[in-house]
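A quick write-up on the structure given underneath.
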Amino acid sequence: MSRKVWTMLLVLTIVMGLGIGALAQPPNPDRVVYATIGGPETLDPHWAYDTASGEIIFAIYDNLIAYDGGSIEKFIPMLATEVPSAENGLISADGLNYTFPIRQNVKFHNGAVLTVEDVEYSFKRGMIFDRAGGPMWMLLEPLLGVDSIEGIAMELTGVENYSDIFVDGEVKDEYKEAMIKVFTDYVDKAVEIDGNNIIFHLAQAYSPFMNILAHGGSWSSIINKEWSIEQGAWDGKADTWWKYHDPQNEEDPLYRVTNGTGPFKLVRWVPEETTMLERFDDHWRGPAHLKEVVYQYINEWTTRKLMLQRGDADIVYVPVTNMNEVEDMEGVELTKGWDTMTNTVTNMPWLLNAEGNANLGSGKLDGEGIPPDFFSDIHVRKGFSYLFPYDTFIEKTVQGQAIRNPGPFPRPLYGYTEDPAMYYEFDIEKAKEEFKLAWNGELWEKGCKFNIFYNEGNDVRKAVCDMLSTYAKVVNPKFELTPIGVQWSSYLKQFLAEQLPMYTIGWLADYPHPHNWAPTYLGSTGTYSAFYGKPYVDWAKENTDPLIDKALKSVDPEEQKAIYEELTKIAHDQALALYLYQPIGIHVQRDWVKGFYHSPVISGLPESADFYYIYKE
Amino acid sequence: MNRIIKKLLSNTTSLIGLLLLLFFVVIAIFAPYIAPPLFDDPYQIVRMTWDIEPRPPGFPMADEMRVVFESLGKQVDRDKALFGTAQGGYDIFYGLIWGTRTAFRVGIITVVFSMLIGVISGSIAAYFGGWIDELLMRITDIFLSIPFLVAAMVLTTILGRGLDKVMVALIAFGWMGYARVIRGSILSTKQEIYIMAARALGVKDFRIILLHLLPNTIFPVLVQASMNIGSMVVTAAALSFLGVGAPLGYADWGQMVSFARNWIIGSPGNAGKYWYAVFFPGIFIVLFVLSWNLVGDTLRDILDPRLRGEL
Amino acid sequence: MLSYIIRRLLMLPLILLGVTFLIFCLFSLLSPMERLATYINNPNVLKNPQSAQRLIEKYHLDDPFPAGYIHWLKSLMKLDFGWSSTANQPVWEAIMQRFPATMELVFYSIIPVILVGIWLGVISAVHHNDLLDQVIRVTAIIGWSLPTFIFGLLILFIFYGILGWMPPGRLSAWAQFAVYTGGNFKHYTHFITFDALLNGRLDIFWDAIIHLIGPIITLSYISWAYLLRITRSSMLDTLRKDYIRTARAKGVEEKKVIYLHAQKNALIPVVTVAGMMIIGMLGGVVITETVFTYPGMGYWAATSAQQLDYGSVIGFAVLFAFIMVVGNLIVDVSYALIDPRVRLE
Amino acid sequence: MVERKQKILEIKDLKTHFFTENGIAKAVDGVDFDIFQGETLGLVGESGCGKSVTAFSVVRLLDYPGKVVGGEVIFKGDDLLQKSEDQMRKIRGKEIGMIFQEPMTSLNPVLTIGFQISEVLKIHYKMGNQEARTKVIELLKQVGIPIPEQRFDEYPHQLSGGMRQRAMIAMALACNPSLLIADEPTTALDVTIQAQILELMKNLLKQFNSSLIMITHDLGVIAEIADRIAVMYAGKIVEHSDTRTIFFNPLHPYTFGLLTSIPRLDLEMEKLESIPGMVPDCLCFPTGCKFHPRCVFATEICQREEPELTGVEDGHLVRCWYVDKVREESKKIGFSRRLSLVE
């Protein structure tokens, strides 16, 4: 009996060995497999606000303009035939009107030809779509001066809550007129057709507007009007727009179908498993080199690594912490040093919500806790700024693949500087001095005790907390900082409730312009800074808001640069946060992949690639 | 009882199991001497370096860490990572030694409490019967209808990270087996003459359950419990592996394995480069579970009435 | 028999209700802000100051506990399971996409489990207390003590990392292309292996098989040890039965005594256990699928649980509870069919 | 009365030991007896005295860890203990049939009655399905099972206890064996059924001209069916004679005790006696005569030395130091008187 089994096993093994040998086909020259983590949330350009969706939409849809290669400020025409500028008169002197001549003979994947109506429809549909938690605020802000279309609706109807406008899903009669006005007086007027041109009328001068429109911003993708209506998207009418506003996920008609003008068309999207693209032969720039692009979503690093090693994947997302493992891999090319549009900071809110907040210990400066306004003392903030071993951290924890930022702005944006005076160095003595000054010396004498936070699963942020906690103890044994890792849900909740004393968090740019950073970290209404507590908000209104606004409206790059540098100086002098690091991207691919270029602005780069230019040898 | 102990000692496999258990007990008891803690919280794994990449066995403590510990007034006696360091510079040896305590804690506490819940609900259901039985058994069914690991994951995620939360989750979804076993065994014992007699004499229900029924029905539950200690530790480790277990840096074997998760395969041509990162934690878990299973398996054989007198 | 089946099936809605209610209870431990995290994966979403509030309203995150449950039940009436934010698709679709994959994996895992588990269990019992028995037993206990995540990683390391066989996932990129694109490849069963054969695509069949082997080994290894234990003890028990002695006294050959007279009896309890095990496997594929990035239910359930995506968790739980109840019923019925002594009343 | 023909089975100094963890249990420790064609031998004793083990030793169906360690079992001139397992298999069922105590558990619950009986025929006579079926139905008829055609396809649980035992008998007799071993065949049955079954066995034995070893603790059954009786105690035969002699002239205190513990109409006893004490654990038999701790006649010699099995009268073997004392006691109660009356 057992001999039979062994024989069977042996035969099976041999057959398998042979079979696999036969299967190990040479890498297909027409196909690139990209193994990464986390699949797209949607394929609707106006819904998408995650990098994975952005990557796919980038390959399928085109925008009016694109960045020139790896540049972040030079644009090239895409579906527009000219890049507007003050010089060519396509941007008005006041910076309020942008004109784009539309390219002819561009075909959509379904064979339709691009018209100027398609462009108009794309932007208007985006504006009225404006889903909760979506990206459309980026266009609404410059074009209508609001964060959300609901804001205008509420203003015109005078209701408290947007939902009050409706009864059983229908607009109440008394608000109908006002609701139509939202479209006709605002949305409709913001984007206009002029012959073969499309004109944007801005509500305010907005220096990053071109960045918002450029390829890489899925929200500005151009979709096909007729086809979209066929799918069940907004029908283009003024008196129905609210029915197409902020739908539930499953009701979004463009959630899984695509029809762009890009170099690749969608073959099949299997959520969280794979996305398969195929070359679009009628692409206006000429067909791409590759016939097929396959995205595979594989969260397990070991698996991705093996796929790369075996050549089953051509391009692979490699966490920087595991970079060393692929460095000497045969047939694998690792390039590093790419700037990314993201950085990580540790925030220190000036006033915390003390109510039910266990993170503050006793809530008093008695050695058993901290007062809610602990970080409003600049010496405390400076003390901690000196207390972090920036260089050790970058060298050891992120394997050297990061640089420091002086303030909120990453390289190579305006505001970034290498001036050493703008950096705090790890210096326990200086930290001691600052802490001795803080709270009139009381802090030094009594000590402090509070929790510092990172979101669970993030080893790098955990290391930050560990280092802070460790060195705080070194500087004064009475300083007790307890590192606490919490789930993202709890992190988010405590952040929104202004309960986190010291927390580490990152920002990934929406578009590569300092304006995406300045309000976020410094403004009175910023994503992070708005939660620093009232003292900070008041202070920011005085000190940073005017500068941010001035830079936004400025049309002069030199002036902008100067303002953002000033903001950096303010951030540094006030020690508003611990500006920890800006990661330096790495790109890992098999060496037969050619044509990679890096652009810090395209989501997914540098890990992924602009597959239009990629070919295999 | 003597017979059981004698059998356990005379059977080679269970003897190995017992010796292994003894080994772990010794480690747990003498942890402070084997691996003196350097942080105030001894369950905080000592970091030998800030390096993310694992370092091989014998790696000496990095200077920057030594400075830190010394300025904190700690005596650094053990300055080499005997088993290497895990991702993040955590000393594997330290984590494993103190993790032994964690393993015992998780295993024993979860098993004891889930057994308690199971025994209470199971015996109430079986003894009173009727709608109480129906209700309790349907509740058991409902709890059983959610896969254990998924249920535990959900609850741990909701409660937040931490060993205590893991234990709560394991108990909340781990009691049903005991309830069923004890119910079945009480149902058959309930009809025995001496129980009938006790009831006829008017002995209180509670007393009957406690003094008459349980002592006669508890054995299969105990066997199941002894075998479950190992599997509870594995489940807790699996939760850590999936990222919802003990807090980062806490001395817990599952966490040690999850540290190794990204370092299973070394660089090409040197596939086993980080062998120590998974080998040592893996071997600890396997041996620990093995020891319980060896003992439990023999125990079951001994107590299995069908196999009694054999072996 | 029929009335028994009907009675058991009537329990089903009750259990499903209980399961969903239980999960809702668990999730009601979370505040609206915490539930929000499912919809906010990166802080950029908060750039728009009203985002948080709008999301809470849109997804009814601040509904008081029973209201949320009733809301969910109502949409269920319309056969709407809701949206899975981890799968990025409707829950029902997510299930339909992943369930066949898991079924296929479990289906193939059962074969070695039953063959090896029962075969070794019988051998072990026949050679009771011999060296062979001891060796098999200890191997089984060791196997059973190996946590899946360690064993799975080991398999991945050896068979893919070193030998280069058995890649992770479900299909290679080229096969995915062949299977998913165009109308040439018909999905009859949604088991890739079967469909490949039905379509006459041996290459795809082979590709699917080699992807399955690693998970199958991992999944079955932990299970056969258990089945072996059951078979062994059941077989030992049976071999001691009087009718076995009767058979021997009749002069029946030893082989026939074991494989006809004893095994047929000994396997009756094993069938129940094996049935339960298969059901359990469907819920227990979490780690195997995670390690091998096999796109099935378990992988999805694990992600959903971690990200507190209650729609997905409930969807998964409902499906599993359904399988559990129906599966147990099937096991009971087949038990009655195998064992002439049992007649379900 | 007993027609002595050729010897079918001869057991010489049979020793069967169980090698347990706690020591060696001498379950059968030197047993001799023989049996002639057509004769019925009753093997009597309390449970645990080794009578079943003796029977299983004969057909070599001992459970682990039992082992025959000495002696000979001569069946039709050949020593069964020297045969290979294959040769044994050909003897079992064909030459030696067996009937067991529990008809409930001795039939395989998942196989039909018909299958189980015809299996014997198929094994030993290589009969085909149809042929076997006919033969089995005939057998079933012979053992008194009504509607045998229907019973053939039924499972054991569908039959009553008595029917099942009849089926067992049919199975044992299927190949017309020269020796039948019945291990407490009626113990588990109702008294009325017991009588039927005994009657049936008696008739069939005559019909098939088979010998029978009847193992039982029930003296009533033995009186009914046996020609000769061997009384076993603690692995040894303590008394061996023809049935009447045993019943009316017991010479071993143990036999004596057994007989006084059952109600008998022919004796003048005021009350039933029971033998004090218990069957000794076979792991630690007492020294000397193994019965001495329970024996009312025991003296110092009994503790020291074990008596031999010696012939007292013609064919009456007893293992006791005090045969005379027992005889006197028997007379007192009236055993012997009755014996003379009968004669």
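Per-chain residue numbering starts at 1, and chain names A, B, C and D are given in the order in which the chains are listed.
By our rule, a contact is a pair of C-beta atoms (placed from the backbone, for glycine too) under 8 Å apart; a residue touches a chain by one contact, two chains touch by 3 or more.
In this text the structure is predicted, and so the values were computed from the model without any measurement.
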item	value
For chain C, the least number of touch steps when starting out from chain B	1
Identity of the chain that, by mean CA position, is farthest from chain C	D
Averaged-CA centre spacing for the pair chain D and chain A, given as whole angstrom	92
Centroid spacing, where centroids are CA-atom means, of chain C and chain D in whole angstrom	55
Centre-to-centre distance between chain C and chain A (centres being mean Cα positions), rounded to whole Å	38
Multi-partner residues of chain C (each touching 2 or more other chains)	30, 129, 153, 156, 161, 240, 290, 308
For chain A, residues contacting two or more additional chains	300, 302, 306, 309, 487, 489-490
For chain B, residues contacting two or more additional chains	157, 243, 261, 264-265, 311
Chain C contact footprint on chain D (complex, rising order)	59, 61, 63-64, 85, 89-94, 97-98, 100-102, 105-111, 116, 119-120, 123-124, 155, 157, 168, 171
Chain D-touching residues of chain C, taken from the complex the two chains share	128-129, 240-243, 245-254, 261, 264-265, 268, 338-341
Residues of chain A that touch chain B when the two form their complex	300-302, 305-306, 309, 319, 321-322, 324-330, 389, 392-393, 396-399, 456-457, 459-460, 462-463, 466-467, 470-471, 473-474, 477, 483-487, 489-490
Residue ranges of chain B touching chain A (in the complex, touch as defined)	47, 49-53, 64, 68, 71-73, 87-89, 157, 160-161, 243, 247-249, 261-269
In the complex, chain A residues that touch chain C	16-17, 19-20, 23-25, 28, 31, 33, 39-42, 49-50, 132-134, 137, 147-148, 150-151, 163, 246, 248-250, 256, 267-268, 270-274, 276, 278, 292, 294, 296, 298-300, 302-303, 306-307, 309-310, 312, 487-493, 496-497, 505-508, 510, 520, 525, 527-528, 530
